[in-house]
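Both complexes below contain chain A, partnered by chain B and then by chain C.
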Partner chain A sequence: MIEAFLEGLAQLGQPAAIAAIVAGTIVGVLFGAIPGLGSVIAMAVLLPFTFGWDAYIAMFLFAGIFGTASTGGAIPAILLNTPGTIANVCTTLDGHPMARRGEAGRALGLAAMASGLGTFFSIIVLAMLLPAAKLLILAFGSPEFFWLVILGLVAVTLASRDNLVKGLAAGGVGILLSLIGLSLVFGQVRFALDSEFLYDGLPVVPLVVGFFALSELMVYTSRGGSIATVGEGLSQPGIRQTVGGALEVFRYKRVLLRGSIIGTVLGAVPGVGGAVANFLAYTTAKQASKTPELFGTGYPGGIVASESANDAKDGGILLPTLTFGIPGNVEMVILMGAFVLHGITPGRQLLVHNLDIVWAIILGVIAAQILTTIIVVSGGGFLAKISLIPVRYLAPIVAVVSFLGVYAIRSNPWDILLAVVAGCIGYLMRRAGFPLITFVIGFVLGNTAERSFVQSLQVSEGSYTIFFSSPISIIIIITILIFAGSPLIKYWYERFTAMRKAKLASR
Partner chain B sequence: MKNVQPAVLIVNILLLVLAGTIVIASLQYGFRQRIVPLVIGIPTLVMLVAILLSDFSPRLERILAMASLGSLQDALNEDIAASWTRIFVIAGWLVALSISLFVFGFYVTVPIFLVAFFVVEAKTPAVIAVLSSLVISAVLYLVFPYFLGIEIWPGITPKVMHGVFGGGLVPVL
Partner chain C sequence: MNTIHERGRLGGTRWWRLLLTTALAVVLGTVIAACGSDEPTATPVPAQPTPTPVPQVQFPEREIEWIVGWPAGGGFDLAARTIGDFMGEELGVDVVVRNHTGAGGRRAVDAVRRGAPDGYTISIMNMPMQLMAEKLDPAGADFEGFEWIGQAVRQENIVTAPKTASFNTPEEVAAAEPRICMPGLAGHNFLVAAVSTEVMDIPWKVVSGFAGGADTRAAMLRGECDISWTVANPQVVASISPEDDFKGLWVYSDERLDWAPDTPTVAELGYPELGGPKLLNSGLVAAPAGTPAAIVKLIEDSFQRALNDPDVVARLREGGMEVLPMSGQATDEAVGGMDSLLTEFTDVVKARQEAQ
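Then we have the complex of A and B:
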């Protein structure tokens, strides 16, 4: 183990390795920062170019990309209220109000430092858990996956706003739309209306870009002015503000630790990933806070919770990929493709024969995250000034880049039109009070929910008791009930308290 | 009866139609194939119907608000509300851009769109608008086709210049 670690460390010191990490980090931050692109496209596009490279160098490049994209995604989330990646959605809730108050630099500093510390936490956990990883992964079967998805949806609804009914309804419609197209569980095409476009289902990227980037663009451009309205007495974004924000993270140690733990644990569960971790960490931080009403108004703790969790998932998500060859998400699928391309057998053999590669990836993620934190903290003031540019100049550029990103994924021009339709529907949904977040997360997790549900029934030969038979399932169900019931409990508690006060006053 | 907002009504009906269509269509499939659409779809439909009716019934709205810890009306994001005229104008720009991209491709549409938007919406002098659009277009084309090797859509018009203007094959819908 130590020999492999030292070998990985020695490789990291090579000039080519440093260049690969720097390149990967820049690409990761940039692709993460451009809504609709993200690390998947960056890794997919660069994968063929690494053919013939030294395996270490290729791994450093990919570690740089997937380890930093969600930190890059915090930049547009804070400045433009448009999450660069789906895992940055909750960062918008507090990051953007801060940007609008002229505290964009502070928000970026908070996000960068929380991301960096979240990654370190998860990577340390990964290094410690590598030997015992098997037990952790095998504890989660199909029923646990199913409940975890449901927990994610309920958490998302509560995270978005307190309107549980509209949130759940939007999430439900999202799940239903995700069922359109070829089902890998049944090998059957459903709800596709004989359309070739719908054969593989509705594409997620045009929907996400339309809902978040284009609907936001409509809001801002129709309003005019700049994204940030720097108030009187508030400082302009600058390096001092960004560094101050970065140091402020240490005032939210509990939130940071909780977010990092949630991110690491959920990251380790394949198919769940950063988005759910992000939502769950935010909701938990809000519920545990003495001042929950501050969340969503530009509260630093909200950014710390969101960003620590979405970056902590990087360590967690490597666990099933490196130990069992189970890719936790699409980035990991591409990383496994890179293994094959470079003659490395993914799965348990990796730990036996290529432990040095495992350490190279782990060290690469750490190096890239340090670099990203430095880039965002030192360049945060400059990046934050984007929020002061009048939107009439930004809007057409954002629109064009979004459409390019949408088209680049599948080279299908219909996706461009779908993105516009999604943008218009997204705007109307926002105006009608339906949270887009729950809709999109329902759409993203819908297939996982169905697959887990059906597989569970197949295993139990049709018995529904399988969903309530394991201790992990029970714990998740109780958590769901607490989350879902919390508005009612809070309502009745407040009503009871008010009635009691009224009675006391009448005496 | 309350003063119902048209946007709220339209979205409620749209979501209801989407969910209803999938739930009804699922009935043609076998038990396993339809169980999740029904398990998720029926409660979703119930919630959507309740939300729709709450637009007309203040009493129902109060009941839903109790379950949601807050008035449904409070959930309306007033922060995003702008005049419908402006929204239609901006939506018009986006629709025009997307259709133009589809028909004429990125190479032709992007510079023209940027100039038009800068001149009409941003009130930028024409010369600056043209120069800005050329610089931005050049950067985009350097990044996407050259750096990343992503071929960009040339449009569906008859081929004028290979890979740049026209001749794109539209995938079957």
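Then we have the complex of A and C:
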């Protein structure tokens, strides 16, 4: 443990590592600050270019990107009333009114510091849980792992609350597509239509680049103009005001702690992610506040709640990814893709055999977050202007870089075509309201679910009782039932209260 | 990787080019002088003594592509890049490694099968696995006429089990009927296990689909499966050390291995037909059928010199691979040996695969 930590720390001291973190952070903040171009696109586009690098350096680059985008996203949220990433929605509620009062610097300082502290909190929690996670891995055999994957799939489907049926459909199609190609558990090639391209199954990187990056670009291009329109009264924030704002965070200790806890816990649940954490932290802060009427009028506490939660999710979301290889969101899907590309097998054995890589990521996230706080405090006003670049210049550049990256992985031109097709399907899915995240998590976990299911039956030599024979399995099954039943319970509860209200009214 | 490349650029390539240019200038000067005068003194200029007969081809004139069917960072990729850098330095052109990943390494075989026979395309193949994969394919295997350059690297096979396991010899294993841990029912380890269990009369009970060696070992510790056929990479070697939880049951090499002196060979245990290079995971290098013999010889000579270079060998050993130089001719014969063994066992392997 200590050895691996020191190894990670030693790697962090290399000039190349520092360069990777700085580059990752700048890209992360930049992509976060451009609405629509979040860390997912940044990671997907850069992933193939890390090919052939030292694994540590690549991990530092990604650690730099994925933790910082939601901090960068606060910049346009405050200055332009346009959230940079979906996790910054609640930051606009108080951030932009402050900016219009001429307190943009103060708001940026608050956001940067709250983000930084939220990340620290969650990363410390993650680091404390790691030693225990190693014990968990030996306790999790194939049947327990199977249920864990099912739990992840159920959670991510339920996260698409707007339309559960569309969520189920997207997840289901994702699972079906994951079954294409050589099945290691059966040794057979399935649904490959005798094509060499499909022999290994659909490659995940072109798929993710297409689904997220290209379809997003299509949305913006079809709309035209620039990503954000100029907010009125946009003043250049002064550095003194920003630093003052950053220090002001400590006045909202309770809001900060609550936001951090909500972010960390929700981050660990696959599919929930920063958007829900952001919203929940904001609403609880409002409910718990003695002055709820101030929220939404440019109240600093609102920014602290929103930003601490959306960054605290980073530590939480790393937990299932690093311990079990179950990615909670698309960023983690790409991070796992990066593991594979660099010869690291994600999954239960990561903590046993690549603990140094795990520490490298954790330390990288911390270093990047410090850097991000500095960048946002000192250069937030400048970064906001990127959103004013017309899409017709921005989109082609990002698209071309994406294609280069997709091709670089296996030198296969068909991968580019796949990315384009995935982009078109992703665009149509967006228009039709299907959640893309459910699709991708289904695609990543479908295969794993099948594998652990068959493995369990091989271990038990055909007996299904193995799925119900350990306490861990039972606990996970109960959790799944609670999750799956939650919409029904909510429905009953609402009907019950409505009936009681009706009774009271009729009296 | 970069450091070697840079060294090649700065140290080797320019030096060689300079030497070549000078040599050419001298030769040209002599020829012109010879043609320009009918003086008999100019005619008997002896040619520069060379170790090999000068081929009648201008080769290489541009970069050579080395196709690898596996991603960058893997063992065969490392082998191709390390050996390729050395060869590039010698031949005076870049040897560019291209990772044509996909289809279980078959794209690398196809590159040779369909490539132009001009020496500018060579490829490293995973044998005997690649041969087996094609034999299982209804379309059949076609390795006819490949110009084998040699063996780049190979990995030993070892059978491991938890130290607590009651069995040691093949007979004991057969009696204990253990569950076999198998990452995938298609790769090299599967092939060795399928053939071995048939020959050793061990019942075929597998738990398959583990995500690599570490996952397999964790499964053995959890008691989900009991025995594992695997290539001997550094992690496996470490796992059978006295401090760790596993023991080696037998190896497939002709001699006992340095790092596992207590583990017997299959020949010692009475199965000599499984020993030797036939079932070892080998990275064999080939050029397309019909490549001119002179060019093949040039590539082969440079390739073999690379494998005798201490730096190259050290780098490959670091990556967990054995370097056993094998001539093109010997490689050709080894492939023949693999072919006859696999022909005998194709049905067995197929049945094992479909037993799930």
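As a convention for this text, the second predicted complex is superposed on the first by the 273 of 507 C-alpha atoms of A that agree within 3 Å, B and C clash if a C-alpha of one lies under 4 Å from a C-alpha of the other, contacts with A are read in each partner's own complex, and residues count from 1 in each chain.
The criterion applied here is as follows: contacts are C-beta pairs under 8 Å (C-beta built on N, C-alpha and C of every residue); 3 or more make two chains touch, one makes a residue touch a chain.
It should be emphasised that the depicted structure is a prediction, and the values quoted were computed from it without experimental measurement.
S.K.: Classify the contacts of A:His353 with the two partner chains as first (chain B alone), second (chain C alone), both, or neither.
M.R.: second
S.K.: Is A:Ile397 touching the first partner chain B, the second partner chain C, both, or neither of them?
M.R.: first
S.K.: Using the touch definition from the top, say if A:Val454 reaches chain B (first), chain C (second), both or neither.
M.R.: both
S.K.: By the touch definition at the top of the document, which applies to A:Gln188: first (chain B), second (chain C), both, or neither?
M.R.: both
S.K.: For A:Thr221 in the superposed arrangement: first (chain B), second (chain C), both or neither?
M.R.: Only chain B is touched by A:Thr221; chain C is not.
S.K.: Applying the document's definition of touch, where does A:Arg106 land relative to chain B and chain C: first, second, both, or neither?
M.R.: It touches nothing on chain B or chain C.
S.K.: If we overlay the two complexes on their shared chain A, which of chain B and chain C does A:Leu177 touch? Say first, second, both or neither.
M.R.: The first partner, chain B, only.
S.K.: Who touches more of chain A, chain B or chain C?
M.R.: Here the partner covering more residues of chain A is B.
S.K.: Kindly classify A:Asn412 by the partners it touches after superposition: chain B alone (first), chain C alone (second), both, or neither?
M.R.: A:Asn412: touches chain B and chain C.
S.K.: By the touch definition at the top of the document, which applies to A:Asp200: first (chain B), second (chain C), both, or neither?
M.R.: second
S.K.: Please report the chain A residues shared by its interface with chain B and its interface with chain C.
M.R.: After superposing on chain A, chain A residues 183, 186, 188, 196-197, 411-412, 454 contact both chain B and chain C.
S.K.: Given the complex with chain C, which residues does chain A contribute to the contact?
M.R.: 51-52, 55, 137-138, 141-142, 182-188, 196-197, 199-200, 325, 341-343, 345-349, 352-353, 409-412, 451, 454-455, 458-459, 461
S.K.: For a test of understanding, state which residues of chain C touch chain A in their complex under the given definition.
M.R.: 1, 71-74, 98-104, 106-107, 110, 179, 183-186, 190, 205-212, 214-215, 217-219, 221-222, 224-225, 235, 353-354, 356
S.K.: Can you list the residues on chain A that touch chain B in the complex?
M.R.: Contacts found on chain A: 45, 161-166, 168-170, 172-173, 175-177, 179-180, 183, 186, 188, 190-191, 195-197, 214, 217-219, 221-223, 390, 392-393, 395-397, 399-401, 403-404, 407-408, 411-414, 416-417, 419-420, 423-425, 427-434, 446, 449-450, 453-454, 457, 487-488, 490-491.
S.K.: Looking at the complex, which residues from chain B come into contact with chain A?
M.R.: Going through chain B, the ones touching chain A are 5, 7-8, 10-12, 14-15, 18-19, 22-23, 25-26, 29, 32-33, 35-37, 39-41, 43-44, 47-48, 50-51, 64, 66-70, 72-77, 80-83, 86-87, 89-91, 93-95, 97-99, 101-102, 106, 110, 113-114, 117-118, 121-122, 136, 140, 144, 148-153, 156, 168, 170-173.
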